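Here it is: the structure, laid out below.
Chains: A, B, C and D, in written order; residue numbering restarts at 1 for each.
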């Protein structure tokens, strides 16, 4: 059993002309706020490792979210894109490993659409792995005392929809590992817990912001990922 | 406004020469039994919708499980293959939607191997959808009073490993939906809860067996899947 | 052993330009109301899976009912048509399987006509199967806790008359199964129980409306039917 | 509304060389007897209107029943064929109007087969009307004090299966009315109640036999059917 060597994507080295795009979503399902938008907007205009952070809010709709993301990619030409969403049921920073080509909505989106078993993209690949150093990000978050995990599913609602759309646009390899043969720009998705006041479980805004800073920095600086077990048995 | 012509809804008239292969795993992680093997072996030799059930036990090893499954496929030429595994953390029959090309083991397998972020198959597709009518199976299970769910992740241990290997061998389309363009034979994976005595949560053996009977029958008879929302938001 | 390739399971993505026509009948046999019209009219103007519901009332007459239905088909060009009628003797939502080419009236219709053993259409096929996923509709109704059944006869009064006329206009195949080789648009017939106050047995209006919502959604989204035993011995 | 004239099939006038075939079924669903076989066998060898009665027992199996009936048609060349079956839920002599091209078995047949939504004949007509003077038979039964009715459905089990097979073999017209354009020989199906001792409802053997005598005589002598309302509203 000889683990195959991964192609290492070299990246980073600070370049002040570079932009990092962070997206959050608007509130959905009757809520008044969305922790993902509050977290990324707190970083808007900041500079991390020489790159300027641009925060943008995506609509929680199947019809418009990928289109809005596409518009932002053209506008900002970001070197790194991390989309985030709120996961009401999770207590940890959840770094998503893979986006799948399915929409299966348990509730209506913000336009009332509720697709069942529709592909995100007709005829598209079954899935795309994130092209981020997810294990490095995980280890650094845990080392900073932040509760974090790798997630094997981003669900089948608008978060996964946007994540799949992002990776398809980035032409990430459909190959074996994450961060393999990344050809253009890095991207991925992180699910964030709710904020205090939104119900249990929750994480404070300052912790969410710190987590994103760590993740962005890792994605900019770590040229390849590390081996660090974080799977699930089932 | 011209809706596409529909395919035949009638399928699979009984053919006594057909075989259904059900697999379970041997015990792992120090346990003495595995609910998946006890459930499928209870069906060995039975006939469902004119097809004979062959139950087989796979080793809980990254090195040998897919090879053993390949041997069984050649030996039995089954028209339908459903692999099952025990999910210690789940209380419902979990019909898996998708297998992903990653091994990331939190514990050693039965040969002591513990791969981290290795592809199941170097250069393989990122994922394969099960080629089973998963929503029809779900609805029929629920209608029979059995607790059931669609799962978006089969984990990153030997269960997902075998599931990915199965779908790769069946040459399932990497396309958008499940049960799409299935070219040869149907296959997929179901996670089963533990049995009484193995800890909480659990399900009785007779319920596990009933659930498998329902799933096999649906997979044999339902020519395509129905629309029935069963996704996750995150 | 080469099982035939399966058709796509994904169907009917929402298209706001599509219309669903639901018909009920006016009151007959001296009654003041008809549960079928009250049920479908409650859905008029609603949107289900992106399709607008148009409810229309048909006269309980052999002479005018099919003509009025034909006018509605031309006017609305519906993608799906479900005609409904009141069945005073039934306690369950009765999804009709087949329309037969006979009028045999036990009572006069609303114009006093009482044909005996006259064909609906001279020289027409003996019968047409509904082109709806009747078993999927049944299972979903039962799963929602609504009493439902497949009916093998829509009687020989105006309900069957309209049902036969509908299927003849839709040019449904006279072949073996329902939903087979449907060439243009889907259609069928559902008998509804009476409402409270009309005598026993009855079902509440909200349950009738819920049942129709489930049936319409299934007919729009389920690309073919499932196998689910619901026949009668005699 | 001008009822179209029916083509009148002329038949009968006693001819001692003619044979009438009556079939019943063997016991099924764990029962020890079948009222249909006891009734027809009581008439075996008798002569009615100059025709000899041949009674034969068909197996209650989807696989063999039509084949056995075909063998009997070739062997006896009957001028009239009436198949009968036991209807446990019916209290009246039920003259069946129409056979439909579907098998949907709620219980296994005597070989364990339980088809769901399979056509009786792949690609066959949706239905065939009986080619018997059903209303004349009905009126004569009622006039003799026997409880009788027209049934619009013979179910979806082996009775309907045999009935469809019979009518297909007789090349009955798929046209509008019963007894129309009968080209070769008359045939149809009658459901009989249970006998005393088999549970409620029931009818005595002598009444079942009398009913069959009346029906056979009518089918041999009445050159065309009468108009006699006996439909159902739903």
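Just so it is clear, contacts are C-beta pairs under 8 Å (C-beta built on N, C-alpha and C of every residue); 3 or more make two chains touch, one makes a residue touch a chain.
Note that the structure is predicted; figures quoted are calculated from it, not measured.
Participant: Which is it for copies chain B and chain C: same residues on both faces, with over half shared, or different residues?
Facilitator: Same: most residue numbers at the chain B-chain C interface appear in both copies.
Participant: Suppose chain centres are the mean of their C-alpha atoms. Which chain sits farthest from chain D?
Facilitator: Relative to chain D, the chain with the farthest C-alpha centre is A.
Participant: Based only on mean CA positions, could you tell me how far chain A sits from chain D in angstrom?
Facilitator: 69
Participant: Cα centroid separation between chain B and chain C, in whole Å?
Facilitator: Result: the chain centres lie 37 Å from each other.
Participant: On a C-alpha centroid basis, what's the spacing between chain A and chain B, in Å?
Facilitator: Each chain's C-alpha centroid was found; their separation is 29 Å.
Participant: In whole angstrom, what separates the CA-based centres of chain B and chain D?
Facilitator: Taking the mean C-alpha position of each chain, the two centres sit 47 Å apart.
Participant: Among the residues of chain C, which are close enough to touch at least two other chains?
Facilitator: Answer for chain C, listing residues that touch two or more other chains: 9-10, 176-178, 221, 225, 227-228.
Participant: Over in the complex, which chain B residues touch chain A? Could you list them?
Facilitator: Within the complex, chain B touches chain A at residues 29, 62-63, 85-90, 94, 97-98, 100-107, 113-129, 135, 150, 152-157, 159, 174-178, 191, 225, 227-234.
Participant: If we count contacts the way the header does, which residues on chain B are in touch with chain C in the complex?
Facilitator: Against chain C, chain B makes touches at 1-3, 5-12, 17-18, 77, 79, 133, 136, 139-140, 142-143, 176-186, 217-218, 221-228.
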